[in-house]
Structure formats: C-alpha cells, structure tokens
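Working notes, structure below.
Just so it is clear, A, B and C label the chains in written order, and each chain counts residues from 1 on its own.
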Amino acid sequence: MSLDAATVRRIAKLARIRVNEEEVSTLQNELNAILGYVEQLGEVNVEGVEPLSGGAQMALRQREDKLTDGDMAEKILANAPDRIENFFAVPKVVE
Amino acid sequence: MSIFDYTIASAAKALKAKEISAVELTTAYNKAVAELNPRLNAFITTTPDLALEQAKAADARIADGSATPLTGIPIAMKDLFCTEGVRTTAASKILEPFIPPYESTVSGKLKAAGAVMLGKANLDEFAMGSANITSGYGSVENPWKRQGEVAKLVPGGSSGGSAAAVAARMALAATGTDTGGSIRQPAAFTGLAGIKPTYGRCSRWGVVAFASSLDQPGPMARNVEDNALLLNAMAGFDEKDSTSAERAVPDFTTALNRGVKGLKIGIPAEYRLEGTNPEILALWDKGIEWLKAQGAEIVDISLPHTKYGLPVYYIVAPAEASSNLARYDGVRFGKRVDGEDLIDLYERTRAEGFGAEVKRRIMIGTYVLSHGYYDAYYLKAQKVRNLILKDFTNAFGQVDAILTPTAPSAAFGLDEKMNDPVTMYLNDVFTVPASLAGVPAMSVPAGLSAEGLPLGLQIIGKHFDEETVFAVSAAIESAAGFSALPEVRAK
Amino acid sequence: MAYSLEGRTGAWEVVVGLEVHAQVISESKLFSGASATYGGAPNAHVSFIDAGFPGMLPVINKECVAQAVRTGLGLRAQINLFSRFDRKNYFYADLPQGYQISQFAHPIVGKGNVEIELQDGTIKHIGITRLHLEQDAGKSMHDQHPSKSVIDLNRAGVGLMEIVSEPDIRSPEEAGAYLRKIRQIVRYLGTCDGNMEEGSMRADVNVSVRKPGEEFRTRCEIKNVNSIRFVMHAVEAEALRQIEVWESGGEVVQETRLYDPSKGETRSMRSKEDAHDYRYFPEPDLLPLLLEQSWVDELKAKLPELPDEKRARFCREYGIPFYDAGVLVAEQATADFYETLAKGRDGKLAANWVTGDFFAAMNRTGKNIENPPVTVEALGQLLDLLADKTINGRIAKDVFEEMVETGKMPAAIVEEKGLKQVTDTGAIDAAVAKVLADNADKVAEYKSGKDKLFGFFVGQVMKAMQGKGNPALVNEAVKTQLG
C-alpha cells in the first residue's frame, strides 16, 4: 500500500494540520518509507490471536459517584488564548 | 571530593549528618545549571528560585527529623510532567505559553518527599524521538565526546535533557518517561542507570500523553541504588489513573544486595541482530560472564517476534498519539494561530505548533486508524503485540530476568541520522519489545566503546518484579565498575 | 392502515431508525468528579479532565454504569458482561479532547425491544439494536457575539446513554410513540429525566424512503432534534424532501442534516461535512469494563415495576380497562397516586375520578401530579363518603370543586354545608308527593304514555332536596307514587 499525494492531503485534513505542496511531497516520501517498513508485519501469522489493546491486563476500576471536582472556572480558563467572560471564544462557527 | 560527587544515597547521609545543607547543595547545582545549560540545552525552563525555596524547606525538614531519603535532593524534571505554576511545554511550541494549574501525581510525590526541582528538562517534542533533536526548544548536547573529537553527540531520547543534565552533573538525578526506550536509551548514551518500571507502576496522571498504552514514568540517576530510592517515591497506586496498578510498592533498595545466585537469566537469540555494533555484542557477552561468575544460571531463550516489535510500535504509538494530540487545537490552552474560521485556526495552529516529527507521527497514526486501513495496520499490530507479550510470558516461564544490550550503538553525532526517520527508529529495536509487553526494564552502564562512549546493558524482568531487575542490575553494575565521567560536567 | 406518503410516482414508505441520547442521572460526570447537574455558571461544572487538559485521565463512574445496565434491563435487552470504550476522533469546538469516549465495538447493552401503542390501539414491537455509554460534548453558542462562537464545557463529559433502535419505525406517529415509550421507561427507572427542553434527551433521526417491498434506500441523519413533536415533523419533512429528490430523477446523498422548526424543513449541516472518518480505536486510558452477573442480578431485583407490567397489573388487580390503565401508568407519579387511591377502594371508581375530574382540575389549575390540586388522602376520603353513601355522586362533584378551591377535606365540607345524602324515606316521599302535586299536568301526560317524563320528576325531586336525596330511593319513591 502506497500513499499518493491526495491521500496525504486527506489525512492532513483529518488531522487538522495545514500542509503546503512541498510538505505534501516530503510527507508522502517519509510516510511511504515508514509504511514500507511496517509492511513486514504482513508475514506474521496472527490467525486466532486476540488483539492486545492496552498496556495493563486488568479489569476497569470504577469510582464512586461523588462530587469531587469542578467549580474552578478561573483555573479552567486561565490558559485560554481567547475568552469572553467565562466562556472560551473561537471564530464564529456555522453549523 | 566535589559537591557534585554525591549520589542520592550519599547526599542524603551527608544532609542528615549536617555535613552539608540542602541550600548549599541546591546552590551548587543552580550554579552548574546556569553555567552549563547555555551549552548543553538540557533544560527548557530553569527554576533556581523555586529550587532554593524548596531547599530551605528541605533543610527545615531535615532539622525536624521528617526528611525522606529524597529531601533536599536536586533533580531535573522532564518537561512532560505537568508542574503546577511552572510552565510545561512537552518540548513543543504548541504548549509554549502553558502553565498547568495542577501537579502530576509523580512530580507531586517527589515534591512531597522533599526533592528539589531545578527545572524542566528538555526532551524530544512530545517524547517522540530517540536523539532529542526534535525538541521545539533546540537539541540537547550529550556531555560525552568521542575520544579526541569535538563533534557534538546526541544524548539519546526522548529523555535526553534529563540524561544530559544528570551526566553533566547539572542535577543529581532526573525523572524520565519511557514509551519505547525513552529512559533506557538515553541512560545508555550518557553512562547513567535508568529504569522503565512495569506499565501501571507509576501513575501517568498529569504526564503529557504520547502513547497511553506504553507511556511509563521512571527515574534516571548515576547508579542503580539511586534509581531504587527514586522509584520508591515515584511508584504507587493512583486512583486517578485507570491503568495504575492497585499493588503495594516494595522497598526497592532491599533488592539491591540480593545477588543473582541461583537466578536464571535468559539470553534471547533474536537480539543478536545484524548490524549491531560488535563492541556491543562483546559487552553483552561480558555481562553474561559477570552474571555467571556471580552464580546466575544462563539460559538461551527465544523471543521469536522481537523483530516485529519496531513495526508494531511504529503503528501503535503514532495511532494513540494522533488521538492524544488532538486536544492541542488552540482553543483552551497553549498556542493559537488565528485563521479565517475555526477549521483554519485548527490547521494553522497545529501546522505551526507541531514540529516535523510530531506531524509525521500524527499523520501515520491518523492513516493507520482511518477507514479501510484499521484492520490492515492497527488491528494487525495489536495482534502481533499480543504475540510479543506471549514471547515474554513464555520466556518468563523459564527465566527470572533477561539480559540484552540497551541500544544497537553508542551515542551518535547530532547530524548523523536526522534525515531518515526509519533509521532513527532502529535505535529503539532492543527497548521497544519490553515496552509493548509492559514489563520492567533497566539500562545499566557497563562499559565504554573504543571511542570512549558509554554503553549500556538492559535487564528485563517479569511484570511487577522490578526487584529482580534491581538485583540483577546491581550485580552488573558492581561487576562492570563503571566510573568514567564525561569531560563536560560540573566540577 | 399503514402510513405512506403519496408522490407523483405513487406511494412511498418511510423507514426510520432513532438514536436517542439520554443523559444519565448521576451526581458527577461519566469520567470526572465534576457536577453533572444541568445549568450552572459558564464552565463551573468543569474539571481539567472535562476540558481535555494535558495529562488528564478518565476514571469511570460506577453509578453511570449501573444506570446503563438498569436501562438495558428496562429495554428487555442483553447486558454485556464484557464491554469496552473506544475513542471516536473528530475536531469540534465543544469537544475538548478531540475525541469522544464512546463504546463502538463492544457496547454495554445489546439487543432488546420495546412495545409501542398506536392511536388505533395497535401494539407494535420496535427492536433495540444496542445501548452504549459515552460522554456528552460541551455547548457552543453562536449568537452571543458578532464574530465569535463561545463555548461552555459544563455539559462536556456528562454521561450519555445512546439508545439505538432498529429501522423498524414506519411513520411519524410510530416515531413519536417510540420516543414517548423510551422516555417513560427511563423516567420510571430514574436513569434519565427525559427532559427534552433542557436537552437531557435528544434524538438523531435516520430517515429513508422506499417503494413498498423495496430494499432500504440511502438514509440521512437529522442531528439533535429536541422535542417529540419536532421529531415527528422532521420525519415527514425529510421523507417528503427525499421523495422529491428521487422523483425528480436525483439521488439522495447520505449526509447529516439539521431540522429547522421555524421553517419546518431540514438542511444540510456544513460543519459535519468531512467528519465521517471517526478513526475509532480502543481507548487506551481505560481497561475493559467487566461486570459480574451477580451484580446485574442485584440491580435487576431492585428495578421498579415498569410501565407495561404495571399497566397489566392495574387491569388485573383493579379491573379497569386497558386504555385507562395506559393513561394511569404514563407517568410513574400518576400511577402511584392512582394506586394509593385505589388500594382498598373501588378501583374502577378511583380510575374514573383520577382520569376525569382530577385530571381536569389539574389542567385547569395548572398544577401537576407532584403538586396536585387535591391530595390523595382528600380524594380518598371523598371516595369513601361516596362508598358509604354519605353523599351521592352529584354532591361529590360539588364537594370536589370545593376541595380544589379551598383545600379543605371533603368530610368537613359535607358537614359544614349539610350535604349528607337524605335516606329518610319519609322525607323523600313527602318531597315526591309535593313535586307530583305541583305538576299535575305532567303527571297526566306521563300516565298517557309519555314515559320519559320520569326523569323530569326525579330531577325535580332532587332539586327540591338540594341534590342530597339518595338517587335510588328517590327513583323508587317516584315510581311507587306514580303508580
């Protein structure tokens, strides 16, 4: 499987990273080199093997339903690049 | 003796005995940082005033008898740990203005133990790299040089700033994080000991995430004992991290003198990779002899899926990273680059905020998870990851620990591998399998290359059996008697 | 008669599947300890986890898991002892992490079904595909500033149950009945308040049309419809749009649309155009959610009686019609009110009073079942006065109105106003005799065969007795005296 430039652009769009044409061709080469490298997994027989998704082999611990957090709007907003009163602000979104 | 010759253990003794004060120790290290950091770039942010304040508090604790072995010990904090009120960048421009309003669990534990934070150590951007050349705040220089050369070498990565700081004696010890070798490989490149604990041993809460199923905080220090002292304080169950293990933490220092008599040490055939520096293979053989001489039984084992570790890692880690880094969008914190609309804002912010390697990995990760490719790449990688885990499970049915080299080469030149991501990735070939399996692994300095650069051996243990890892590491350390120091260092 | 829409090319069938997003009732959020309560000052109910800060990690709320299991049991669905969380990746201003933690491959609840009742009394089964737990997003507001949207994350991270139906729904009416049924079930269970105005229950509506007997055609998803009425309108509007597209030779494109209630039409949603590739993968910050069967059994044992069961029992135990029972169980509180009233009394009489005068008074006074126009004790006493013949049915209605107005107990009103029923046959006979004497002409007409005047005499007697005569005794006396 080899990536073409259109796919690189589509992936960049999905990842919300702006790329110019020069970057597209560089990325295309680099990504293809990496994909070429990982291609060797094709030779491993994984029939009947369960995927291992996590680093820990345990069941999920569940917490009690208690109010322990929040009520700190100022801290939540302190790092915001733009805010209006206690809201985060972004350029107007058209739905 | 110089003030910089202390280990954590000996400094703690001296502090307790009032031979030295925490303020004196910290002042000396602050000075070393001020002198050497402009050259080595080991710290992104230095916090000398905070350090001094903490040192004073440490002296008070020492005086009132409530000190721990880490009270008054000046350390470097990898800039991936969120520190309350102290800028945390993950070495990315996208977090340049970010001041966390919270403290990570691990840095908080060290703080509570009385450790003194000298500053935030440089790293590869978002911990993605093996040479600390992807930092948005400049590369880190390894204090070590090839004999008779002046060429700048890399300290390894991603915890390269931590490694360089400790090696150059700008800090007594440091925290690191290890996702595919980010503690062990830089430790090997700079003549330090460093352990990646079992996944789940140290909380990930408040550590900027790279690849959630692999990331694990751990210590880096001058010797094995200091690692045990640090890990004692860093480890432990954290209810805020769902992957944190609900297990008691033993006193790791008690394992140091256990010895290796009667232990079975596995030597995996598959780690004798083509292209590995023959010096490293020779050092590995030496390590085997040292352990044998101390009464360990050497067992040839097979970890058949070793060679697939890297390709699995370079699918799984970028996939998780592509999702973990989606939150850096210029809306709630960090850098924002304005755009015509919200999407344009996202795309410009992320294009300018992330460096080339981070973008590359986000792109790969996005691709392998995207519709139509998930099964071929991500799902396949997860299955092979399971086979790698099974390799270890099988091996640990026969042996107590595994001995391998840490990295396939010694530290390389700053410009040597920059242009080829895949070659760079090969650095992690020996460290990645333990990360994928979640087992603990430590790198111990074991000798010098012909060029005079430090080389490390890796000891891999069973899940949550760091104690055996410490025991074997201490045995290697004492046999190796590694005492070389880099030329560039605080004296 | 099956519902269909008539196009230029003939009849079209409408196919609808609903995804109901029901906010879980809990103290704190699904993965953080911040308040899950509706409202609050902007960004007050927000933790660093909800705002997607670096290094923050989710920890699951046990009560949210229990609520999902309860709801699954209420939907007569399979409870999956193994489930897992996945990340659904997309960028949006009110999605702080850049992904939503949801359950894609392994939901906590599997297949189930609900019964809906249509206006003509038909019962239909609608299949439930699955129920899964996920995080709610924050709220973007676009009308607060001329050039900016503002974001409040109070809702971000609140637990949601997404209940997905099979495409079994065939009309706006069925869609409405299904939503009402889901709302009724979650309210009974106390797992969601079902408040569509506050957005704690919302629906994504999948609509397609087809010619009868065809395979399914392309569907469109109408996002976030927030009232049952709008869902019904949206189904019809979207179906008509699609019919128009097909009939004018076009092709319906699979897309996300919005329903505009002011215009009564749907429109394409720009912001979701390229969000189709969600790149789901297992959430590495969480481990698989494993449930014990014994815990599920415990929850099951403690479930309240559900509306369908309650309705059947009401019919059985109180002998009331199926329709009335349906009305009474629509809301848990009404059912409880009724049952308290009916216990030890005439169930049918109680049902008539609740669905008749009581509901009428509630509507008239603008009160509700939690704050009723008369208490259940008062209404019960009124029924008792009727049962022991202290008052008759006509007087009871007057007493009831007095109760609504003054809040007094019926016995006190009866006492105060002397409304006790007269059963003294002497008094009744005298009153009858007087009425017959005063209306000699009518008596003559009656005797010549005008039978229906009988009611006139009874009415006159009751009137003369200020309504207090025992109706049976009055009847009897009139009959006797007329010979």
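The rule is short, and it goes like this: contacts are C-beta pairs under 8 Å (C-beta built on N, C-alpha and C of every residue); 3 or more make two chains touch, one makes a residue touch a chain.
Predicted model only: the values in this text are computed from it and were never measured.
Asker: Edges wherever two chains touch, nodes for the chains themselves; is that graph a line, a ring, a star, complete, or other here?
Answerer: If you draw each chain as a dot and join those that touch, every dot ends up joined to every other.
Asker: Suppose every chain is reduced to the average of its Cα atoms; which one is closest to the average of all protein Cα atoms?
Answerer: Centre-most chain by C-alpha means: A.
Asker: Please state whether A-B or B-C has more C-beta contact pairs across its interface.
Answerer: A-B
Asker: Cα centroid separation between subunit A and subunit C, in whole Å?
Answerer: Here subunit A and subunit C have centroids separated by 40 Å.
Asker: Can you compute the centre-to-centre distance for subunit A and subunit B, using the mean CA position of each chain? Integer Å is fine.
Answerer: Those two chain centres are 23 Å apart.
Asker: So the centre of each chain is just the mean of its C-alpha atoms; given that, what is the distance between subunit B and subunit C in Å?
Answerer: Distance between chain centres: 58 Å.
Asker: What residues in subunit B touch two or more of the other chains?
Answerer: Only 98, 101, 212-213, 239, 242-243, 322, 326, 329, 331-333, 342-343, 346, 366, 370 qualify.
Asker: If I count partner chains per residue in subunit C, which residues reach a count of at least 2?
Answerer: 48, 51, 59-60, 91, 93, 149, 151, 277, 279, 281, 284, 286-287
Asker: Going by the touch rule set out above, which residues of subunit A reach two or more other chains?
Answerer: Where subunit A meets two or more other chains at a single residue, that happens at 14, 16, 53-56, 58, 60-61, 63, 72, 75-76, 82, 88, 90-94.
Asker: Under the stated contact criterion, what part of subunit C meets subunit B in this complex?
Answerer: 48, 51-60, 87, 89, 91, 93, 96-99, 149, 151, 276-277, 279-281, 284-287
Asker: Considering only the defined contacts, which subunit C positions touch subunit A in the complex?
Answerer: 26-28, 32-35, 41-51, 59-65, 84, 91, 93, 140-142, 144-153, 258, 269-271, 274, 277, 279, 281-282, 284, 286-290
Asker: Would you tell me which residues of subunit A are touching subunit B in their complex?
Answerer: It is residues 1, 3, 7-8, 11-12, 14-19, 27, 30-31, 33-35, 37-42, 44, 46, 49-58, 60-61, 63, 72, 75-76, 78-82, 88, 90-94 of subunit A that touch subunit B.
Asker: What residues of subunit B sit close enough to touch subunit A in their complex?
Answerer: Residues of subunit B touching subunit A: 97-99, 101, 199-200, 212-214, 216, 239, 242-243, 245-246, 305, 307-308, 310-312, 314-315, 322, 326, 329-336, 338-348, 350-351, 354, 359-360, 362-364, 366-367, 370, 373, 376-377, 379-387, 389, 420-422, 425, 438.
Asker: Where on subunit B does subunit C make contact in their complex?
Answerer: Listed in rising order, the residues are 81-82, 88, 90, 95, 98, 100-102, 104, 204-209, 211-213, 239-243, 319-320, 322-323, 325-327, 329, 331-333, 342-343, 346, 366, 369-371, 374, 378.
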